[in-house]
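Going in written order, the chains are labelled A, B, C, D and E, and every chain counts its residues from 1.
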Amino acid sequence: MEPTIIGRIGYAFVSLFVITNYGLLLIGSMARISAKVQGRVGQPVWQPYIDIVKSSAKRNSIGHGAMFYLGPVFRLAGGVGTYMFIPAVFGSVLFRNFSDSGDLLLVMYFIFFGQLGMALGAGEGGHPYSAIGVSRGLAQMTAFEVPFALSVIAVAAQYGTLDINAIVAAQQGGFAHWTLATNPLAVIAAIVAFLGMSGHNPFSVVIAPQEIPIGPPTEYQSNLLGMLQTNRAIFNGAKLVLYMNLYFGGATNIVAMVIKTFLIYFVNVFVGQAFPRLRTDQSIRFFLGAPTLVGIASVIIAVI
Amino acid sequence: MNELAKELAGRYGARGWHDIRKDLASVEVDAIRIRDVMAYLRDEAGYGHLSFMTAIDNIERGAFTLSYALRDHDARRGLIVHADVDRAEPTVDSIHLLWGQAWTYQREMREWFGIDFPGSPRVDEEFVLEGWEGPPMMRRDFDSLAYSDATYAERPGRVTHDPASHMREKLYPEAAQ
Amino acid sequence: MDIKDFIAPFAVWKRAFEKPFTVKKPIDERPGAPRYRGFHMNDADACVGCGTCEAICMNNAIDLVPAAGREAKDGDSGLRPRIDYGRCCWCALCVDICPSGSLSMSNEYVWIDRDPDVFRYVPGVEAKPWDGSALGYRRAEGYRLLDEDRVPMPELGHAEAVASFLELVRGYSRAQAEKEADRCVSCGLCIASCPAHMDIPGYIKAVRDGDMDEGLRLLYETNPFPEACGRVCTHRCEEACSIGSGGDPVAIRWLKRYIADQVELSDYAKALPRGAAPSGKKVAIVGAGPGGLSAAYYLSMQGHAVTVFEAEEAAGGMLRYGIPEYRLPYPALDKDIGYIESLGVSISRGVSIGKDIELSKLRTDFDAVYLSTGLPVAYGLEVPGEDHPRVLDGVAVLARATRGEELGLGGRVAVIGGGNVAMDAARTALRHGATVDILYRRREEDMPADADEVREAKAEGARLVEKAIPLEVRDAPDAAGEAALFIWNEATMVQKEPGKRPVPEPIPGAVREGRYDSIIAAIGQGPDLSFIAESDGVPVKRFRPVVDSFGMATRAAGGAPVFAGGDLVNDRKDAISAIADGHRAAIGIDRLLYGKGA
Amino acid sequence: MSEKKTIPAPLANEGLPPEERGLFCDAAPREYEPARGAWERFLNWARSESLWLLGFGTGCGAIELRPLMTSRFDMYRYGIQPRPTPRQSSVFVIGGYASVKTLKRIVRSYEQMMGPKFVLALGSCTINGGMYWDSYNTIKRIDQYIPVDVYIAGCMPRPEALLAGFQELKRIIKSGGGEGQNEYARNFDWYKANQKKVIKDWNMPDYNW
Amino acid sequence: MRREKQRVIPPAERATPDLDSGKYLVMWQGPQHPGITGNMSLRLVAEGDTVVDCETHVGYLHRGFEKLMERRLYMQNFPLVCRIAVPEPDFNEYCYAAALEELAGIVIPEKAVWLRTLSLEMMRLASFLMWIGGQAGAFGHGTIAQWSVTMRDYVLDLFEELTGGRIYHMYIIPGGVRGDVPAGFYKRVLETMAVVEKNLDDIELVMFHNAVFKMRAEGLGYIPRDWVDHYGITGPNARAAGVARDLRKDSGYLAYPRLDFQPIVGTESDAYERARLRLGEMYQAIDLIRQIVDMAPKDGPFRERLPNPLYWRIPAGETYVSAECTRGEYGFYVVSDGSDKPRRVAVRGPSYTHAVSVMERLVRGVNIADVAGLMVSLHTYPPEIER
């Protein structure tokens, strides 16, 4: 039975709520895992919640013009938008979101939209650290988008569609049907790009505390920061769900979704704890090197 | 070693060679020849390393004594070169072209003692202080405590008693006159 | 770069499977190390409030403040250090230097407060949670910033000493004196205990600085007998010395002597201040002992004409006649007296008051009179047979020795008493070849004599008989009055009242006796007030003139005011007290003469 | 804190050259009324459990922050973490003595922080000058220049003492006592007068606040 | 294989960029900045991502030690000096004490010599451990810092046990040391050394065999050999450039002549080489500590008696005593006029030249993101610059 549009909006809110919380807990638990590697106990898993409440409960805040305020809004819109057009759980009415109304291109647009919006807003902050962070972020984004885009093209070509639901549907029926199995090169290119996308080491120079603190969000504080933190959870969740759908056969229930996304995210941490970070020019050179070649190869494989 | 003492005396009128310990000596030259002496020591005598430079305020005789500490790493010995400058009008030749870090020391001495080194890069810029309005603070006649008391608020409530006078007050007040 | 550079970094994950480094409950689980320099503790009873901690503290973190329930007393200023944790840097130099060793540190390190004004406290007085902590910084064994050992004073060996009347104590050399002076921390606790309140830290500093003229000047500010006091002073100051609270006290007396010894009498005038212009007033002083001459010195410094009347043929009083030569050689005493005389003080020797001249006459002839006659009359033994011809008076024996008369003590001598006179008499007898027993009714530690004196007397061969209560003196059989039997009862010490010193109680039946050629009674002296007539208006109570804080006994009509001081008046009965009395009286007399009140 | 009285100051940025005035805000900070009841208690709980401290090592005290933020003492587990920018930080740890030059940056960073903000002062030097009591270049009492919530005795306080200090700070925040921001706003003129008494070169190489 | 070096800007006169041209971005790194060591700041002028000009600004930690020392008694200065370089206070204590002992003609007991050496070597190890965390952190590898600071803390535990202090030990007092080793101390030293060594092996594997670290550090901050004398560069920075100078060997102070070690020398003279060399010195320090534990006399006095510290006067004279700290030549120049307070004390910290002259030269042409890593690779402590 197809729910009404009101019902779908309601479901979308529930879905958004779930992914937000999941995203926050994911961040919290990854922080704990990182802590373990560093030989310590680490923060409570629910620490991100407290941080958001704290940030939002700041009594004053400071602005630098309208665009400054719009930055986080755009970013949040990017995060929510990305998520809204991806099915979180394949076949679930509740977690279907509006995935049938948009396709992969729209999702990719939202991914960039958020980052660009943020860049515009942060640039307004007037702080040179923000400006430098923004330039690094955009440069690095341009670079990792190349293998990512190639990989997406490969997937689209392989399944002959841009509809995410259709892509997921095509991967059903066991591991052998996953893109991971059918086009591993595309997955490799995408995962490497994902490292850059999620800003973990070695591609974290954008928000690196040592190499100019802390990049774009330097001037963001109070409720704006709370908004950014919330968005981080949603955006992470959205990207993970997207990856799961494109490469790892999607999920038919919430448990599978949690396990798969957790593992995908863990790749970040796994690599991140082992390496320092690269400079922007180095990471650009890196993304445009091997990952791009792999991406091209994956496209070729898909087309053939 | 006395070779060098003689050489320095002959060439630059250096005097007062004094062996502080077996690997450290000091010698005195005229401030006006300091650059030549340093160049000689660096290029001819093997003292290639400038450890530090500083000044001593000999207010009693109206002079700043500059100390240049050099080291000959190969011979494993050090030399401190002294030069007196007039305290009223302290100006010394800069040696920033001889050693790459000398200008910092000169900037420091300019700020701390008020000794000028014409031509030294950024010598008139503030070094460690900011907005300092007092006299050069390493001069002996600058009283740090008095300045601090006058400038920075102290937590009130401190009072102390001298044991001897406290006991006089308590035990034999009649001797107070 | 090779493949290892991509693989090896993942070795970080090894750590994820090991135990975390994290301490679970850091605050509870990690007390400071046993040596940790945490918050201060102070044993307030051992502390003497000398303020050396304050002096060494480069942070100016320590104040000395009056502590509740602690009064200033001899050797304790009653102050305790208060530490400002807005200053402290936990270097523990205060602990390292603390003369009494009372300061220490706990290993506690957590003190948090909203209010910045609370971080000050008096350790050991204001209770803190870490009080009594067994762990924390203590200065290491063998590590102390101050030297606890006194520079040893060169002395004659005992065998050598007992063979002559040479001065025993040879005096410090310059190096020794400076080293000893270096032990002083200039706390000034000693000043209060000195009857004359001499500026002890001041003159010790002069020794350190090698400035003898300054030292002498400081000595003469309060004491015109530095040579004598530098040798025989009862040095109450050393008992109060803060260094003594954790080691040997500074040898204040020897340093005083050192200063005086270094300056020739002919150079005194250069070092010392000149007297005031003549005032035209005349003052009579009775008794040329230390008290009388001290008054004479300070009065003459004020420009008054002073005449001193002395019954003996030489000035110096008990310093000359009561103290043997080996302790205070006559040239040293003569130096002190000589300087006072050089200021124009006239001493009429051989003039006895009451006999040769009446007090009332002095009151008419002079503008003020100062009585400093001391205690010339020896107390008897007050036992049957005390009049026995072989029972001698200790002070008289010493005086005869001074005059160079034959003592005729015989080979076996008993000295009864435990004071300095007893020790001096015993040691004089030893020097005349006698075997000496010292009998005292209490224990050695109860003896009023200086511990050094007792120790030396014993070292020189005197036998000490403690807890001996005299019972009787009898003629010795077959001695024809040339020897006597001294009979005493052994005693035991009984604590009669708590807090008081125990008293000797005779043990029934434990009666002992000894045969002696001489029995020297040295159990104290009393005054001779026979020269004071009713009409002089000098109030006398319990055999003492009653005086005010300036030593004034009367300003009754019919003559000049009369002052009194020294052993005649005070309880302490030593030279330095007499000197202090003389000085005080000089001030009083001066004020009176100038009408400055008083 | 009753000793503080308001000294009227004509203009906050007096003494700045006109071309530089634009770099600085001349609006005085204002007081903010806390929310009421359980809601404020909840917010205070969140504030106390998420203490982000400004990564500004102003003095020696910074040395003990390193162990605190690394694995042995692991302050993250108490909800404390360093933040590189004052905008996002809520706790300022004054690491001991402050030279005049640093004080200027301290004041500025403090003003850049968003309220409610808290200050932890370490060691003797912040209380009464410490061992630099006679130095010509260090202030003696940090509370003359910015409001302080908690003092920790020591030189330097150990990481454990710092943790205890953070616990005390949490207690204070939870009890609604962490109102340093309002304190600063209320006595703004007094603080400014004190700051300007010692900071003679009032310009700062920075951006805005 | 020689690595590609960062281009060294010729020592021509510093060309001040035309800031009004709009081509450049001026920004401050520090003092409130995690990418700066300690409390100091760099004023960077960047063109794009590249720094074209830099001025170091110091003085944020200036407390006027040299002035304060002239106001204090010789012994009172003893707690003061260690505050000059916070992460490595013992070298101040040693240099100050040694200078006074030399001026006053005091010879310290054998045991004190060894305990001082032990304390200095432990300090070197602790300081390096702190540094390596900073170096990894400056390139974003926080894990290393999380480990190494804890290792440093274990060494500090030893200090706490020996001296009673964690950070400021105030142990090397003029005349000797302040206390003997506690019972069982040497055993715990060896245990801790084993733990630290094991962790260092992990760090070596993870940090130095790391593609990203190599990419960042290799070629960064190349110091040509002829700069060493020109700028007075000392310590690992000089040794990495191939100049085998180590005061522990050259001056042979304390017990070093009796210990078996050789200065570690590098060739490449870039950030990676310096880091590698310092890692080697950490292993060397562990080795030296083991030797010291083995050879130190177990009995005997640990301190020479000094005169009363309240009046201690030192004969007029001057001396300069230096020691090899983790960063290079650390020295105290003490001038006495015969009174109870020093006439002048000047402190020579290696960072004085490393963080100012050398840094300003090296940072030109470097990517902004590398400034922090470069700064840390010079291993600088601002407080010893401004005192």
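As a working rule, contacts are C-beta pairs under 8 Å (C-beta built on N, C-alpha and C of every residue); 3 or more make two chains touch, one makes a residue touch a chain.
Keep in mind it's a predicted model, so treat the numbers as computed, not measured.
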Quiz prompt | Chains contacting each of chain B and chain C, listed by label | solution = D, E
Quiz item: Which sets of chains still touch one another once chain B is disregarded?
Solution: one piece
Exercise. Could you find the chain whose CA centre sits the greatest distance from that of chain E?
Key: C
Quiz item: With chain centres set to the mean of the C-alpha atoms, which chain is at the far end from chain A?
Solution: C
Practice problem: Averaging the CA atoms per chain, pick out the one whose centre lands closest to the mean of every protein CA shown. | Solution: E
Exercise. Indicate the whole-number Å distance between the mean C-alpha point of chain D and the mean C-alpha point of chain E.
Key: 30
Practice problem: Find the geometric centre of each of chain B and chain E from their Cα atoms only, then give the gap between the two centres in Å, rounded to an integer. | Solution: 23
Quiz prompt | Inter-centroid spacing, chain C versus chain A (mean Cα positions, whole Å) | solution = 89
Quiz prompt | Distance between chain centroids, defined by C-alpha means - chain B, chain D (Å) | solution = 37
Quiz prompt | Residues of chain E whose C-beta touches two or more other chains | solution = 33-34, 59, 62, 64, 67-68, 71, 79-80, 83, 143, 146-147, 150, 168, 206, 210-212, 215
Quiz item: Residues of chain C that touch two or more other chains: which are they?
Solution: 9, 11-12, 15, 20-22, 32, 58-59, 84, 86, 89-90, 116
Quiz item: Going by the touch rule set out above, which residues of chain B reach two or more other chains?
Solution: 128-130, 137, 142, 144-145, 155
Practice problem: Kindly provide every pair of chains that touch. | Solution: A-C, A-D, A-E, B-C, B-D, B-E, C-D, C-E, D-E
Quiz item: Which bits of chain A are touching chain E when the two form their complex?
Solution: 37-40, 128-129, 131-132, 135-136, 201-202, 204-205, 208-213, 273-282
Self-check item: chain A-touching residues of chain C, taken from the complex the two chains share
Solution: 9-13, 15-16, 18, 20-22
Quiz prompt | Contact set on chain A toward chain D in their complex | solution = 31, 35, 38-44, 47, 50-51, 53-55, 57-62, 126-129, 209, 213-214, 217-222, 225
Quiz item: Can you list the chain E residues touching chain C in their complex?
Solution: 72-73, 75-80, 83, 143, 147, 150, 157, 160-165, 168, 170, 178-180, 182, 202, 205-206, 209-212, 214-215, 301-303, 305-311
Exercise. Would you pull the chain E residues touching chain D in the complex into a rising list?
Key: 28, 31-34, 38-39, 41, 43, 59-64, 67-68, 71, 79-80, 83, 86-87, 130, 133, 145-147, 149-150, 152-153, 156, 166-168
